[in-house]
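Per-chain numbering from 1; labels A, B, C and D assigned in written order.
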Amino acid sequence: MGTYIVRRLLGMIPMLFAITVFTFLMMHAAPGNAIDAMINPSIRDIEQLKEHLREINGLNDPLWLQYVHWLEHFVVGNWGFSFNFHEPVIDLIGPALANTLLLAVVAEVLTLLFGIPIGLYQARHPYSKFDYTASTISFVLYSVPYYILALLLIYVFAINLQIFPAQGATGTGPLAGTFIDHLYHALLPALSIAIANMAVYTRYTRGAMLEVIRKDFTRTAYAKGLSEGRVFTKHVFRNAMIPLVTQFGFDIGSFAGGAIILEGLFQYQGMGYLTITSVNNRDYTVIMATTVLFAVCVLLGNLIADILYAVVDPRIRYN
Amino acid sequence: MSMAPAMQQPSPVAPEAEQANKGRVSKSPTRLALERFLHNRAAVASLIILLLIILSAVFAPFITHASPTLQDLANTDSPPSALHPLGTDSNGTDYFARDLWGGRADLLVGFLGTASLLIISLVLGGLAGYYGKWVDAVVMRLVDFMMNFPTLLLIIVLMAILNTSSLWLLILVIALTAWPGMTRFIRGLFLNLREADYVLSAKMVGASTWRIIFKHMVPNIMGPLVVNATLTMANLIALEAALAVIGFGVQPPQPSWGNILNGAQDIFTLQFKPWAWIPPAGLISLTILCINFIGDGLRDAFDPSFER
Amino acid sequence: MTKFRKRNLAAMALAASLTALAAGCGAAGGANNTAAGTADNTKPVDGGTLTIGQWQKFNQQFIPFMDSSLYTANITMEAFDSLFNIDKNLNFVPWLAQSYQWSPDKKTVTITLRSDANWSDGQPITSDDVLFTMDYLASPTYTNDLQGQYESLVDPVKGSDEILAGKAKSFADTGGFHKISDKKFSITFKTADAAALWYSIATLQPIPKHVLQNIPMKDWLTSDYDKMPTVVSGPYKFTKVTTDSVEMQANPNYWAGKPHIQTVIWKTVTPDVAPGLLSSGQLDMYLNGLKARDFQNLKALNNVNAVAEPEFGYEYLGWKLWQKELQDVRVRQAIAYAINRQQMLQGIYKGLGQILNSPIPKGSWAAAPDSELINYNYDPNKANQLLDEAGWKKDANGWRIDPVTHQEAQFVLDYPSNNPDRASEAEAIAQDLQAVGLKVKLDPPMDFNALLKKVLTTNDQQLQQQMNQSHQIYLWIMAWGLSTDPDPRGNGWTYPNANNLQDWNDPTNEQLIKKTYDVAAFDQNVRKQALIEWQKYFNQQWPAMILYSRPDIVAVNKRVHIPQDDVLTSMQQFGPYINMFQWWVSPQ
Amino acid sequence: MAEPLLAIQNLKTYFISRDSTVRAVDGIDLEVYPRQVVCIVGESGCGKSMTSLSIMRLVPKPKGKIVDGQIVFQGRDLLKLSEKAMTDVRGNEISMIFQEPMTALNPVLTIGDQITEVLVRHRNMNKRQALAKAIEMLKRVGVPRAEQIVHEYPHQLSGGLRQRVMIAMAMVCEPKLLIADEPTTALDVTIQAQVLELMRQLREDFNTAIILITHDLGVVAEMADHVVVMYAGQVVESVNADELFAEPLHPYTQGLMASIPTLDEEKEVLYSIPGTVPDAAAFPEGCRFASRCPLAQPSCFEKMPELREVKPGHFVRCDVV
């Protein structure tokens, strides 16, 4: 297992390399040079200042060298300086990443907490009234884009009932900035993602369970005299989890995409929001960093999916 | 293993085709699928609703005389009235007209985006699946690479860099970033077909690669391809709207459902002007729901053994 | 937009704005109400919390002038007092400086600091702190390493060039600064200039030398003090900083008395949701960004006072005066008559805001009275007439022929992205100009930096070439936020000037401007008259299409009590003109 | 003879859906005595597997349903037991092994896990005791390296070993009755023989009665005490093994016998019964074999023959013989 993980981790390196090169080139091709954007044109000796800044930022070096320098700095955590926020990029990323992670975890917990049990219940009582209702609802929820769900949730919970905040990652008052406060603010956006994701999970769970229920070993388990509950939890679910963990790993990666829209919509100060703000301000150092981090998320998601896959399926583990 | 029969039967294609033409007695698989599809009530209803939505977008100028872009500062933010059934936005532009015309942008992104994506995927996936070996390896590395890139982020950054409001460019960018999933899917289908007897026999008679791919292989993956393309279309429409909601999709004044929503996200609009945001939100959701139902219906029709 | 304000700030003294307006109009609710909030005669109550929402995130750079964001400045303003403050009549009044005195040659000003002004740690605020701050702003490190934007605050002081060039270290060595005692010093300017003090040293916020001298200046960016200044001169000190909020507590040692409100919280909140938070009481106040179309809804909230005042600044339609077509004043005036500004204000800003016919907003003491100016009311007939006179004939399609190119005139209009109001304005201008036969093409909106770069394009030669090749007449929409002092140089109306985007090069104009700051102008009445003369010339020449002051909407919870003299609108101006230490909140 | 261990009377198991009713098992009678090996023989789809699943009450839900009959096991009607009581019977008093050892074992659980859970369930053993017992049982069924294998997963074992594991799992509670549904079909011939030998051995050791379901008459000949031949959901012939081979009476049985390939007779073409099994959703009125029967009379198509005792202990469902 250990060597398996190490091997997979090493396998990520070329991909990371390709992604950073691509991102670097993309940012380089972008119009509007960061230095022009940041300088007050009324400064005296402006050309000299520009030259100085080009020099200290290494913009006079050949492209490949600039990349190498960037990579060196990136690896040691020197992610550059945000021209828009006037702060080191890494200081911006830290809290944003924490917020996004919280959002992701809350969303995933909600998803799994409701999505899987509903799917399980459907699989235990297939073709029942509940099953049909749940299937239809989850099909609809799966089709309605999550940002529209988010608008509806804002409309209901933030505007009309006023029990959740409509935006932001933290609030005001004595609890401001505490974990509870963060959680409270993460709930509504998390719920928007979770509802759509739940639909995916119920469909997946139900499908996977029904498929496993038809398997011979399930019959064997019954034949051994195990109770239905035990058969479901120990035999069926363990096997149905195999496709589910793949989806779970996929979630980690795809969360990055969802986060951009939702954080934009909720003005939730996470990685997505930071990215949008930076794109709007052509703050390339920040975009570089967030892009690479999002890509790392996808890679890690795949890795986690593979590891979990190996954990739940011994056939993979021993091959 | 299938060499010998191929030799004995030099032209296995022609009789097949002939049979298909003559054989009206036994129904063709496509026709069977169509019949099964027509029996799926949800799918047919969805198809009708979707057609209505498409028609209302295409014939928007005949449904309303109001312009979807004309600014009228004398009439901004007005509530619904006889003249403006859904009121006007903060430019004084008629919401109803924007909702109708807005469908054009979204549906275009859906259709053209899917079409261009299909072309890219058919070429790349087809080559990879057909040739295998190093071609496959190269294409799959490319797919892996693109898959590891958060598509949405890539589109946002590209759109920002290009600083454009061109719908065509948006479609192109979407197609150029969203192809890996479809390519992988098509490659899988081709990989399975590669060893099929009729493909091998076509190779034996010296058919060109493109002929084999488009004449022999593509028709045989039509079913899954159509299903997948349908679902892709739904995804692309959702994607455009998502981009527009945060200001990166179709740019105003050109209307799209997403950018109408973008202009209606503040609390007062949500609270006091449901006519501003419920129609575009509803149209996006309904369109996607319908397409998904149709996709579902198509899947059941093409693959009756598939059980939901 | 903010970028421009910054630049503007850099060029000019920073100051206040609309005291006069707020006092004068009392628009919000009569004599008993101030601009917003509640004014009454009940006794102030100490304690409580005030939560203020701001649109954009502040940057965690709290040493004054380290950061150019207005949203940061709004916060640091409560922690660092400046030498001068603004009274309700828009005059500069001594603040940390107790008094000032000009030398006979008007080049040197002697300033005495308040004897009771101390840092929050008990150390006195001294002449050394002022010098330390001036040297910091003048140093090459400030410009190069800290990427500071405010070096022009010390620019008019004698020796600033030598320091920037590295030839001198301190104004004390260049003759720019002379320490008389711990609480008294004199500053010598390069020239006698009636505006120099106001656009430079007056708004200087001294920083504590005894704290910062131990940290190499280039490391200030990452220093703890910068992230959360603990030793302050103003009414509030920083107590907690998170990514999107700042908590401040009253400074008990504040020289003007302990502030009534104990805690002030600054919170980043987007305008989309601010109304909800205001109505639920989670926000007491919101600055900037509230939409005009929400004004009535805001007013309808029963716990909130909302006021809309014209901002101290203006939106304008710019053009390049080197373009032959625009060198004809009749064409410029025709454009002025052709554009329906009244309807733009009505449609986009719900009738709030104020039309301007000169670049000095009406709230300023220096504003020329309407009677002295041409009022460019919407009048398409007059516009047509002027264009006809200028030789712009209409062709068969109704489009006017550009007399320079002899083709259909083709205007191209640029405007900044990310603001739907700009797009509406661009569209409205295009429609209005087309109505008088001038064809307008709208470029896709571009982000502000790209637009600025395009307008600035290297000495305009490149742009000139582009325009000549494509036979286009170039227009753009931008906005200026103004400083209190009406010096025309600050907005780039002189030549050459980096901010003179329209390249207005007119000797008469230069002469008129010179009169507004020469030695005679040290007399305020003389200066006012000179400014009015300049405005009349501007108004007639119309080197740029001044549109209007947009409305600034501020919403304040009714439990907040704000003295009548205080100003709430136009918070985008930098400077301690809001005396928050005098506010108080009703206990809940 | 003594009391039958298991007595099935008139068992009917149908698959009911909206459009059709499939009569998979349609009135079966069957008796199994202690230590007896009863073989159920028939073509695939004749209802033999469904009979065995009915005994275990494991007919696939929700469509499959036991609509009529009695399954009396040691004096109790299994069909009347609560689900809970039934689980005490399964794997304990009656256990079952399946055709496909490849798929009948859970791929994500270790062998030990899968065996011990039976003991934990029925014998109240703790994990450690159960594991020891499992290892002992594995050794008993001839699994080498039993101590290691309990920690391994099914995919690491060969087919033959897996079937031994299945048998160990089924026998670990020493059931009274073992139902083996084509236990050797998926195995190659040498392994088949070993497995059959093992089952015989186990019957000796544990006094277990066996219901052996097979379509392979060779296996029947090897193992059976009593044979039940099924066709289209019904018993068509029931007799002890020796007599069956000596004198098969039902035309269908005869057909089956004729289609066994034998080495000593050099037949040119292998015999096969003409025609196909009728659709279980629409059985004909009369004898279900009539359409394929060489001896069929017109009356055969009209009236369903009863299962009648032609000779003592020899039951046949045919009016012609």
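One rule holds for everything that comes next: contacts are C-beta pairs under 8 Å (C-beta built on N, C-alpha and C of every residue); 3 or more make two chains touch, one makes a residue touch a chain.
Computed from a predicted structure; not experimentally measured.
J.: If you average the C-alpha positions per chain, which one ends up nearest the average over all of them?
T.: Given all protein C-alpha atoms shown, the central chain works out to be A.
J.: Looking at A-C and A-D, which pair shares more C-beta contacts?
T.: Between A-C and A-D, the larger count of C-beta pairs in contact belongs to A-C.
J.: Distance-wise, how many Å sit between the C-alpha centres of subunit A and subunit D, to the nearest whole number?
T.: 53
J.: Between subunit A and subunit C, what is the gap in Å from one C-alpha centre to the other?
T.: About 41 Å separates the centre of subunit A from that of subunit C.
J.: What whole-number Å value describes the gap between the mean CA coordinates of subunit C and subunit D?
T.: 93
J.: Would you mind listing the residues of subunit B that make contact with two or more other chains?
T.: In subunit B, the residues touching two or more other chains are 163, 247, 265, 267.
J.: Taking each residue of subunit A in turn, which ones touch at least two of the other chains?
T.: Only 31, 158-159, 166, 280, 282 qualify.
J.: Looking at the complex, which residues from subunit B come into contact with subunit A?
T.: Against subunit A, subunit B makes touches at 144-145, 147-153, 156-158, 160-161, 163, 234, 238, 241-242, 245-248, 261, 265, 267, 270-271, 277, 281, 284-285, 288-289, 292-293, 296, 307-308.
J.: Touching subunit A in the complex: which residues of subunit D?
T.: Against subunit A, the touching part of subunit D is residues 53, 56, 58, 62, 83-84, 87-92, 95-96, 98, 100, 103-109, 117-118, 121-122, 153, 155-156, 166, 169-170.
J.: Which of the residues in subunit C come into contact with subunit A in the complex?
T.: That would be residues 6-7, 10-11, 51, 57, 59-61, 66-69, 143-144, 147, 149, 151-152, 155, 161, 164, 222, 240, 242-245, 247, 265, 267-270, 272-273, 276-277, 280, 282-283, 418, 447, 449-450, 452-453, 456, 497-499 of subunit C.
J.: Note which residues of subunit C are touching subunit B in the complex, please.
T.: 271-273, 275-276, 291, 293-294, 297, 340, 343-344, 346-348, 350, 418, 420, 423-424, 427-428, 431, 444-447, 450
J.: Help me check something: in the complex, which residues belonging to subunit B touch subunit C?
T.: Interface residues on subunit B, with respect to subunit C: 71-77, 90-92, 163-165, 247, 251-253, 263, 265-268, 272.
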